[in-house]
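Next come the structures, one after another.
Look at the two complexes coming up: subunit A is in both, with subunit B in one and subunit C in the other.
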Partner chain A sequence: MNTNNDIVLKIENLSLKFHTPGGIIPAVEDFSLSLRRGKIHALVGESGSGKSVTVKSVLRLNPETNTEYTSGRIEYIPSEGEPIEILSANESTLRSVRGSKISMIFQEPGRYLNPVMRVRQLLTETMMTHLKVTKQEALEKAKDLIRLVELNDVDRVLASYPHELSGGMKQRVMIAIALSCSPDIILADEPTTALDVTVQAKILALLKKIARELNIAVLLITHDLAVVYESADEVSVMYAGKLMESSTSGSLFKAPQHPYTRVLLGAVPDISRRGQPLLSIKGNIPDSADRPTGCIFSPRCPEARDFCSLSVPAFESLGNNAHGVACLRTRELFRA
Partner chain B sequence: MLELKDISKTFKKKGTGLSVQAAKHVSLNIPEQSIVGLVGESGCGKSTLSRMVVGLEKADSGTIALKGKNIDYRNPRDLSHLRKSVQIVFQDPNTTFNPRRTLLASLEEGLVNKGMGKTDRLKKVRDLTDIIGISYANLEKYPHQFSGGQKQRLSIARALLMEPELLVLDEPVSSLDVSVQAQIINLLMDLRKEFGLTYLFISHDLHLVGYVSTLIAVMKSGEIVEQGDAEQILFEPKHSYTKQLFASSPIIH
Partner chain C sequence: MRSMDTIRTIGRLLLRLLATMLLISTIVFLLLRLLPGDPAQVIAGIDANPADVENIRNSLGMNGTIISQYLTWMGNIIHFDFGNSYFSGRPVSTLILERLPVTANLALLAMVFTILTAIPIGVLSAVKRWSIWDAFGLLYSQLGMALPSFWMGILLLLIFSVKLGWFPLFGAQGFNSLILPAISLGLAKSAVLVRITRISMIEELGKPYIEAARAKGLVDRRIQYVHALKNALLPVLTVTGLQLGGLLGGAIIIEQIFSLPGLGRLFLTGIYQRDFAVVQGSVIFMAFLFSGINFLVDLLYALINPKARIS
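Now for the complex of A and B:
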């Protein structure tokens, strides 16, 4: 059921620029997305598409010194209390949200776990910082969390240092830490990219279980469409800082509308099409200093017409509100 | 083309007395003009095997035969013969070129070592860069001025300049975006037809290996647990580990 009450985060028309020695880089332009409780929303894009930058904006983690939020808002709607607008929030409000109500997991868990702390300490520290709990209570909760992320041998894991754990176990510990302050939202930045497929499958299943059972909204960033297919409820496709297409997962895979989404899907090797060439996209992602005019994808688009380089396509919903596309040829190219 | 027989290799961990068996009695046959896909998870020994095939690593026991002739790794002539016929393309194109040399210098180096004259070298480089879709004029640039996909094309070009018969591709597209990955895979398939090449294609991605290969070998903990005709492995896998890999690999239906 998709009622508006389920919405826990709204990104509306977000634009941001980076000021660099080489000039101003528009990293995200006019981007919108909503997260719902209990659902996994995948944000798909290739490298340089701005997906990580967008996700970092949700916690305002982009370096404040050279990031300029030029427009838009990010609204976090907690289950109790007033909504918080992240981009205008003060530091103390942000601190109360970061890592507790909105937590994050990363691609390489090893790099984000303090190597000189045992898992026990990593878990209890977060809880004691954000929640009013005694050390004993935190430790009890830590044990529950380790069980929740399906790690056996609770005591041994709690007594381990990160380097004593495998990649998959580290990611589970990361998820346990992310869950420790009962978050409303988990931001997962390529959480399975560094893992082997057999481990990946288990971590994705765990994320699904957590979203459903604890009613948490998960924003899953990935470049892998097959991962999206297996785990996401909703999908947004991003290219060069812009939203190309957004839909429920079912609708997107059944009837992808944007030419970019279609080529991306055609580029995934499928053993039932052995011997045929893969769909590929000519050229590379545009250089941030030299962005094409009109539709940002037009120079690489197999369906582009002359007018595509003249005006910027608006993001429009197709019939039902759940499926939206930013393409000047949407009507002509529509496929049910 | 190449036949590995009963290859074993053990690495000792310094100071611990522990050891890892990266290859346990591996036998693998790479017929001429085939694409042999070697698939397995990290640490299974697939990269060690590829390094042994190109002579970067020496097997503890077993034999490697090139076109029916056993290669003796202590014999420089054998090794040089192996390296002329077998070339390798690595996963990360960002670390395979000398950052302080232009691409032209990196590409022609192998030909210089072969003793080829300058005019011939440049012609050969030009012909090949045309085929792989990089403008010859761009070769005056340095590696950092190329994208990942372009660098991977150039790595392939460098390998092909040596006119190998067997190309070892060790995760050649794992660090690339999906759209670029497709470009490189299509290029590799075209080159194979054009030059009549044989590929040893190594990847952790079963669907990718399944897509490109004619024969598949599945490796786990230093052992090949199942090998055979691609269609058979893909559609009637026998070993439980192959089945598990399939069950875990996400796929779009």
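Now for the complex of A and C:
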């Protein structure tokens, strides 16, 4: 089922650094990930783990003046035509991909929609940039899109300014904009974090429906494991800019291999442990100026051994191809 | 629903305009009566006989109880009647209307100059930040703010009227005679507006919706001049409105330098001659003009900023 034809985006060994007045910060190191058509791939990690940076790299939205892509490739593979390597693409190629083939939705829809533009204009401008349509055609399509994201009262929504809509409605508008040019990929940067729990569930259901019915690959960034459990087909776990574990969602929740993943799962409140203290992970994500040697998680790892701080674990698949992990201890146990 | 909002906004602004005008009229009325000294006596001179003083007092509307004076005063203002000039004997409102076109044209031309220079320079500075363009913008605004407008006026007169002879030296002789005064009047405003445009634009360009616009694949020009500029213009517009009011004040000095027969000259001559009716009338009229302009600016602001319509 997972033939290579399904793959629409490949991030391979991506490393990038930020140049800041305080020095050079390695934000992402040796990160790989593939997206498949019609599937939701969740990228999980704590705040500051480099999730957003990674996802923005796919559209090269990180500020070019201080971002240095030190190695790796990001390859977008359209169903027709030649693959496009994003990191080496020129500005006009990038623009033709952005919003058209690969689109993005953001965490706080209220801040990411221009406050002085009506929904109608926000929707049609993307289509008129990328598709050869007249204003009238774009407007007709805008109405269809508003219905597609399950908003009623189409004309009123189109005539509204963002602040006249609720948070959930704004996120639906954002999704409609993302869908307007029939993209292959949607990057969703914490799309439900700023929303009420009930609205969250509806937005996730909508994303799922879109992925399935329109055969779109969704890269869903989140720190919320409940969101992953509910919606993702595949999961990658990120820690301090590095890939820790990657697997299908079922396999990861059933048998997490990386101690970090296990700790992360343990930190989710569970009704059956009512009355007991909530588990938390001791310590913080390491300061980028003072990174530990060996495995980057080893200082906080409950299962760390001496050798963990000596060498950096490579990311390797375990037995079958689908489940991979970057942990010396796990490999030791797996081989034994 | 939307048009209801608009009507309510206009209503609210109109109400505020009327309240301001009422307050201004009352304050000017009180000022003349609370200040020490008797204006009628001042006009007539110390040696004047009491009958003359009484006559002048009558013509100033300063007889009877304070309440009846106030009511007459307000009634006259509603009819645009500010009394007669003591010296020329003509109605102050006629004098004002005669002089108004010169000042209004001067202020408008100065405003046009301000907007046409400040917005492009400010936007260019912001878009090409830390470039030679930005340095030019900075220099322009520093100089514009540092040089006094009367000095600018004299300098421009020397160069363009005396040496080059491109513009008339004094007097109101059509459009040509307003260009130099408008530039000297507008330069300082323009200098301030450049900074405000630049800062506002830089702030907007750093906002999340700009990142979203980039993610949509829009060209930089559209992102800068449609998405960012539309938001950046809101504070610029507010300041422009306030500046337009300030231009009326600035016109008083500039009209002296360029010998333009405008409102400023009328006002100043009124002060020199102790022509109370003229001074009062000019003050009220300029204050009304200022409020009226602010009303229009607020209206325009509500028109381009959807959020201002409801609050």
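In the analysis below, the second predicted complex is superposed on the first by the 330 of 336 C-alpha atoms of A that agree within 3 Å, B and C clash if a C-alpha of one lies under 4 Å from a C-alpha of the other, contacts with A are read in each partner's own complex, and residues count from 1 in each chain.
In this section, contacts are C-beta pairs under 8 Å (C-beta built on N, C-alpha and C of every residue); 3 or more make two chains touch, one makes a residue touch a chain.
Note that this is a predicted model, so its numbers are computed, not measured.
*Asks:* Give one of first, second, both or neither to describe whether A:Gly81 is in contact with subunit B, with subunit C, with both, or with none.
*Replies:* Neither partner.
*Asks:* Which holds for A:Pro21: it touches subunit B only (first), subunit C only (second), both, or neither?
*Replies:* Neither subunit B nor subunit C is touched by A:Pro21.
*Asks:* Where does A:Leu278 make contact in the superposed view: on subunit B (first), on subunit C (second), on both, or on neither?
*Replies:* The answer is first: A:Leu278 touches subunit B but not subunit C.
*Asks:* Taking the superposition as given, does A:Glu125 touch the first partner, subunit B, the second, subunit C, both, or neither?
*Replies:* Only subunit C; A:Glu125 stays clear of subunit B.
*Asks:* Taking the superposition as given, does A:Gly319 touch the first partner, subunit B, the second, subunit C, both, or neither?
*Replies:* neither
*Asks:* Using the superposition on chain A described above, determine whether A:Ser103 touches subunit B (first), subunit C (second), both, or neither.
*Replies:* In the superposition, A:Ser103 touches subunit C alone.
*Asks:* Between subunit B (first) and subunit C (second), which does A:Glu46 come into contact with in this model arrangement: first, second, both, or neither?
*Replies:* first
*Asks:* Identify the residues of subunit A that lie in both the subunit B contact region and the subunit C contact region.
*Replies:* In the superposed arrangement, which is not itself an observed complex, subunit A uses no residue for both subunit B and subunit C.
*Asks:* Along subunit B, where are the residues that touch subunit A in the complex?
*Replies:* Touch residues, subunit B against subunit A: 41-42, 147, 149-150, 177-183, 185-186, 189, 204-208, 210-212, 230, 234, 244-245, 247-253.
*Asks:* For subunit C, which residues are in contact with subunit A within the complex?
*Replies:* 2, 207-209, 211-219, 222, 227, 230-231, 234, 304-307
*Asks:* How about subunit A: which of its residues touch subunit B in the complex?
*Replies:* Per the stated touch rule, the residues are 46-47, 196-198, 200-201, 204, 223-227, 229-231, 253, 263-271, 273-274, 277-282, 284-285.
*Asks:* Taking the complex as given, what residues does subunit A use to touch subunit C?
*Replies:* Contacts found on subunit A: 59, 61, 94-100, 103-104, 106, 108, 111-117, 125-126, 129-130, 159, 161, 163-164, 174, 177.
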